[in-house]
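These are the structures in question, set out in turn.
What follows is a pair of complexes built around subunit A, which joins subunit B in one and subunit C in the other.
Let's look at the complex of A and B:
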C-alpha cells in the first residue's frame, strides 16, 4: 500500500502543449486512492481469501470444500463504505474458524466426538494406482535416460580410442620402429641402419634406410586395415629378396645329383602384429647378408690357390672338390614382386649338415671381437699380442694368422657330404648284391661337420655268434676313409669308391674262411693250417685268397677251403686211402694200417650242396664226414 | 756410467708410424650410469667389458731438458696377459681446426720382466696409478671410461684411493698418419654424447 502511494506521488504527464507546458494528471486524494484500490479486490479469484491485499498471487487452496457463494463480480456501489465487502467476508471467515476451533476442541476430549476414517471408495482408489504407474514410469524413464546417456558416452569414447589405435599416429609407430631398429636423426631426415656392422661385419655397404611419413591417406575413405603412417625407404640394391643356392652335381650313375639347397630363404611369415616396414627391413637385411657372404666367397675363390681353380661367373661360384663333382654356389636375388617361374623342387629337405652350413656362415660373418687387456692396448687378435713377449717364430705366427676362409670350409663340407653318401651307396649296393655273407652297416648318429663314422659287420646268417671276426670301423673324413679293423690294423682308403668296394669284397672272402675256422672249433674239428693270404693258386686281382684246412676228430677226413674275392670258394675233401677208388699199389707201403691215412682229394660242388649259405654247407659237410659213434 | 743420450724425436719409419687421435672428457660419479647406458646403445657388442689396469710411468732423464717418458701398463684382471708399453709423442701442431688431439703412438707388447728391464735401461718410475672402468668400441673407435685411483704404497695395488669424484672418458682411434677423416668421425660420435659428457681435445702442455 505504501508502495503504490509512493508511485502515485510522481505526477504523470497528461499532455504536453505546443508551448512546452506540461499538464499533469491531477493526483488523487487519499480517499479517492483508497476507493480505487478497494475496487480492485476481487474475492472470487482465490477460493477463500481472507487476507486483504490488493496483490493477487496464487495461493494454496485451503481445502474448504464449500465454494464461495457469491460468484460473479461484486457489484461496485460507490455509495457504500468501500471496506464493507471485506468486512463481511472476514466476519464469515471468523465464524467458520470459530466453529472449526470448537469442533477440534470437542474432538480433543474424545468424550463426545470421535473421528473415524472414511472408507475409501474403490472408484477413488483406481486413479491413485494409475498415478502410481505413471509416476513409476516417469521415474524409470528418467533413470533409463541417464543410463543411456552414460552408455552413449562410453561407446563414443571407445570408438574414438579404436579409431585412434587404428590410425596409429606417426610418433607411436616411430617409437615401435625404434625399439627394433637403430635410428638416428640427421638434419631433417630420420635415417636407420640395417647393416650388420654392429655385429662385427666389415662389409662396405652403408645399409642406411630412410623413414618417411606416409601421407597418401584419404581420410574420407575408410582407413584400410594395414595402413601404416610410417614408411621405410630401403636402398635400391637391397630391394626384393635374395637367397644363396648351393648345389652339388655329379654326372655319374652311382650317385647322381646330390641335390640343391637354398640357404637363407625364409619366407617371412607375416605375424599378426608385425608391420610392413618390419618385413621390408628384414628382407633387405637378408639381401645384405647374402650379398656379403657371396662377396666373401667370391673373394676367397679368386684368392685361394687350389688344384682345380674355382670359377667365378657373375653371381655364381663353381668349384670342383673332387674330379667329376661340381659344387656351385649362386646368389639368387629376385627384385620386385614377380615370382620365379621355375618351380622350386628343393623343399629344403631336413639335411642337417646344410643347416650346419648355414649356421657356420652366420657365425663366420659375425666375428666376435675381444677387448684388449690392458685397456690401453690397440685392438687386435689376442694371441697375436703374445707373439712379441713369447718370441714366436715365423711358423707359429703364420699358423696363428692362418684362418680358413669361408669357401674352403664350404668345400670341405661338400667333400665330406659327398664322400659319406658315396660310401653309403657302396655299402648298400654290396649288401643288396651279395647275400652270403651278409654285410651290415651301423651309422653313428653323432657326426661332426667333417667326420662321420660307420661300423660295418660281415656275418653269415645264422652264425652271427660264431663268426664275428670281421668288424670294421670306418671313419669318413673329408678326403679319406680310415678303416680300423678288429684285429687292430688301420687302413687308409682314398676317396675312390672302387677301393672301398674291393676292400669290402676281400674282407668278405676272408670272412668265409674265418667262419670255417670258428666252425671247426665248435664242431670239434682240428685246424691243420690257416692262411689269410695264400701265395698259391690263381692270382686274385682284388686282395688275396685265404685258405684253411681242417681235419675231422677221427682224423680220417680233412676239408680244405680256399676262398678268394674273385675266384670264389673251392672246397676239397680228403678221404682215407682205403676209400679211394684206385689205390696205387706201392711196394714201400705194405702194412694195412697205412690205408687209414688220408690220401686223395675230391672236390665238392658247393653250388649243388644244400644250405642257404656257405657256412651252413660247411657244417653239413663236416657233420656228414664225422660218423656217429 | 752415464745415461745414454736420448733423442726427443719420436720414432718414425718402418711400420710403426701410427697416430693416436684422442678426445677426452669427464663425468661426475652420479652421471656415470646414464653415460654407460648411452654408450651401450651407441657402441658395438652388447656386453661392455670391465677392466682394471695398473699403469707405471717411467722417465729417463737425459742431459737435455725434457725427460723421455714411457708408460707401462698391465691388467690386474688378467695377470697372465702381456704388459703393454706405450710411447706417446708430442701432439702434432697441425691446423687448429682439427678436432682431435693427434700424436704419434708406439705400442709394444712386453713380457712380465718389463719393469726390471726398464730399470736396467736407466728408466726410473715416476708415478703409478690404477685405472678401473669399462671399455667400449665402435668400429675402430675405442671409448674408455675409467676411474683413476692413487696407489698409496708403491707396488701395492690393493690399497688405492680415488683421485677425484669423477670418471675420465677417452675416445681414441689408432690410425696411420695422414687420415683426417678419422677426426671427423670422432667429432660426430662425440656430438652424440654431447649433453652427458663434453669430449674435447685437451692439450697436455697447457695443463702443466
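Let's look at the complex of A and C:
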C-alpha cells in the first residue's frame, strides 16, 4: 500500500488577483495549529490512546486529510471531547501499522508470501519533466532565433537607409519631374523634352534637357534646405529669360504714343514646394516660346508684302501700321548672370492691353501649331468638312480658311487698339472742351479684337428728352471708323483724328438747330423753315451751317436761328411792323391792319442772355415773345 | 447663295456660238458689270445596272459647280437630289458594279462670270464631248433667297440684256410643294442646269437625225 503524502511547507495560495498578486493563506503558528488539531482528536472513543501525544500529533497533520475522508462525516460531533478525532485517527494508524508489521513478518519467512517488484517504466517518471524542459528550451530557442533575425534585418536596413538616402530621394524627385515633363531614357542618360513639338509646333529647336544626379553632397554635414538631389541641364541657348517687347511709338506730333508692353515677361510665381528644376525648365520653355514667336513673325515680315515694308533687324521687327506710327516688336533675351542695364521703364498703364495681347499671342501661336490629327482627316478648319454637303460657296470657304499670318494679325490688332484709343481721346477732349451741347459716349463692353463700337449722344442739358435727334453709332474697325446716324446715313471716316473731330463739331451745330425745332413743337411755335445745310451766309470750313425759322403762336413774332460749326450761332427776331422804331410810311399800304404783320429783324446777343445753354436761352426767348393771354 | 435662274440663249442667226457669247459679254459690260473670273458646271451620267424588269434603267446625274468647289451633287431627273463632299466621285468609282458611267454623255458649261452689284451673271458655252452645242446663261440674285420675292426684279434685269430670250419663272420653283416662298437650295440651280443639259442633248439629235 502506497500512501502519497506530502509535506505542506509552502503556504497555500488563497487567491490570485488580476494583477498577478498572490494572496496566501496565512500559515498557522504552532499553538494555532495545535488548537486546530486538538479539535479533531477524539480521545474518548479510542481505547488504546497513547501518552506520547505530541509526537503523534506532529506526525499526524499530514496524514489527517485522508483519514478524515476515509471515515466520512459520520462521526461529526462538534460538542465531543476535542481529542476524539485525534484518538480515532491514531487508532486507525495503529491498526494499519500492525497490519503492515504482520505482512512484513510473514514476508520475512518467505513461506507464505513473496515480494515481486512491479516493472515500472523509468521514462514515465523521469521523461515528462525532461521532455518538458527540452521542448520549452527548443521553442524558446526558435522564438529567439526569429527575433534575432528580425533585429538583424532592421539594423541592416537602417544602415542601408543612411547610405542610400540620396539614392531614394533622387528617385522620388525623378518621379515628380516625370509627372510634369516628358522624359525618356537614352542609354545611361535621362533626357527630357521641353519643346512644344507635342503640341504641333514645327520649330526646329530640339528642346532637349538632361537630368543629372546631384552627388556633391556630404552626408556627414548638415543638408542645406534647398538641396535637391536632381539637377537639370538645359541647352545653352535657352538659358536665362526672354520676353517679347511690343512698343508703339509716335513719329509725328499728332499721333499719341501708346507706349511699350512686355509680353511673356511675368515670372511664374514659385509655388511652395516647387523645385529649382521646375523653375529652370519653365524659364527655358518660355525662352523657346519667345524665340518661336519671334521667328514666325520675322519670317512673315520678310515674306508678306505690304504698302510699307517691314524691317527686320537682328532681333527687332519694325513696321508702320499707319503713316507716322511705328510698331516695333523685339525679342529681349537676357542670360541669368548679368543684370540688364536698362531698368526697363515699364509704363504700368492700367493695361487691359497687356493681358489681352499676351493672350492673343498665345492663341495665335496655337493656331500656327498644327495639331496632330488622324491621317484620314484633311488639313484645315474642322468646318470645312461640311463644305461639301452644305454646298458652301467660295465666299464661305475662304472665310473659313486662314489666309493671314501671325504678323498681319498682330498688326491689325495693334491698329485697332490704336484707333480705338485715339477715338476715345478725341471724344473725351471734345466733351471736356465744349459744354453746350454735351457729348456722351457709351462704349460697348463686348468687343472683338478687330472691332469695337461706341454710341455717341449729343444732348443739351435739361432737354435730353426733347432733343435727342443726334445719336451716332461709331463702329471702330482696323483702319476706318464707320458712323451710322440715327437718320440712316452711313459715313466712313478714316483714321485721321481731325476727320472725326470735324464731324462731331458739325453734328453738334446741327444739334442746336434740331433742338430749336423740337422746342418749337413743345412751346407751340410753328416751324416756318428748316434746313440742315443752308447755302446762304458765310461758308463754313467744317461741314455746313443749319438754319431754322419758327413763328410764334399768334404769328406776331418769329425767331430765325442759324448755327454753323465755325461761325457759331446767330439769332434774329422778327417783330410786327407796328413795334418797329422807324415805321416807313408808304402810300400803297394804308390800312392799319397791315401793321400787324411781321417786319424788321433785330439781332439777339446770345452771349448776354441768361441761360445755362443755348436751348434754355431759346426757351426763354420764346416765352418772352409769347405774351400771356 | 441666292436665287438663280438658268436659261438657254439661242444662237443668233448666222452667227457662231462664240460670237453670240461675245455679244452677250459686250452687252453686260455696257451695263456696267465687272468680269470676275471663270466658272464651270459639269454633269456626268450613270446608268443603274442590274435592273430586273425590262424598263429603261434610271439615270443618275452627278454634277459639279465651280461656285461650290468642294461639293458634288447627285440627282435623278425629276427625283431626289443629294449634296455631298467631293469624295463622292471616288465613291461612284467604287460603286462601278451598280452604276456605270456613260462616258460619252458628259456635258459641261464653261464661261465667264460677271458681277453687277448684287447680281451674278454667268454666261457659258454648253459643250458635249468638246463640241459647242449651246449657250447657257445663269443669273443669280445674291441678296435674296426667296424666289417669290425677287422674281420680278430678276426678270426685269434679264430683260435688259437678254431681250426676248428672257425665260419664265423656272418650273423648279413652281413645282415645289411649299410654293414660291420657300428658301432656295443649290439643288434648284443644279436641277435647272440638268434640264438645260437635257434639252441640249436632245437638240443634237434633231439636226443629225438618226444619230443616237
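Keep this in mind: the second predicted complex is superposed on the first by the 405 of 629 C-alpha atoms of A that agree within 3 Å, B and C clash if a C-alpha of one lies under 4 Å from a C-alpha of the other, contacts with A are read in each partner's own complex, and residues count from 1 in each chain.
We adopt the following convention: contacts are C-beta pairs under 8 Å (C-beta built on N, C-alpha and C of every residue); 3 or more make two chains touch, one makes a residue touch a chain.
These numbers were taken from a predicted model, which means no experiment stands behind them.
Participant: As a test of reading the superposition: which chain, subunit B or subunit C, is in touch with more residues of subunit A?
Facilitator: If we count touched residues of subunit A for both partners, the winner is B.
Participant: I'd like to know which partner A:388 touches here: subunit B for first, subunit C for second, both or neither.
Facilitator: both
Participant: Look at A:536 in the shared chain and tell me whether it touches subunit B only, subunit C only, both, or neither; answer first, second, both or neither.
Facilitator: The answer is neither, since A:536 touches no partner chain.
Participant: In the superposed arrangement, which partner chain does A:397 touch: subunit B (first), subunit C (second), both, or neither?
Facilitator: So A:397 only meets subunit C here.
Participant: Kindly classify A:175 by the partners it touches after superposition: subunit B alone (first), subunit C alone (second), both, or neither?
Facilitator: After superposition on chain A, A:175 lies in contact with neither partner.
Participant: Applying the document's definition of touch, where does A:592 land relative to subunit B and subunit C: first, second, both, or neither?
Facilitator: Neither partner.
Participant: Looking at the overlay, does A:197 come into contact with subunit B only (first), subunit C only (second), both, or neither?
Facilitator: A:197 sits against subunit B, while subunit C stays out of touch.
Participant: Which subunit A residues lie in the overlap of the subunit B contact set and the subunit C contact set?
Facilitator: 385, 387-390.
Participant: So in the complex, which bits of subunit A are touching subunit B?
Facilitator: 184, 197-200, 369, 371-379, 385-390
Participant: For the complex, which residues does subunit C have touching subunit A?
Facilitator: Contacts found on subunit C: 1, 67-73, 83-88, 185-186.
Participant: State the interface residues of subunit B toward subunit A in the complex, per the touch definition above.
Facilitator: These residues of subunit B touch subunit A: 18, 44-45, 49, 51, 53, 55, 71, 73-75, 77-78, 81-84, 86, 107-112, 131, 133, 135, 137, 139-140, 142, 144, 146, 174, 192.
Participant: Taking the complex as given, what residues does subunit A use to touch subunit C?
Facilitator: Counting only subunit A, the residues touching subunit C are 384-385, 387-394, 397.
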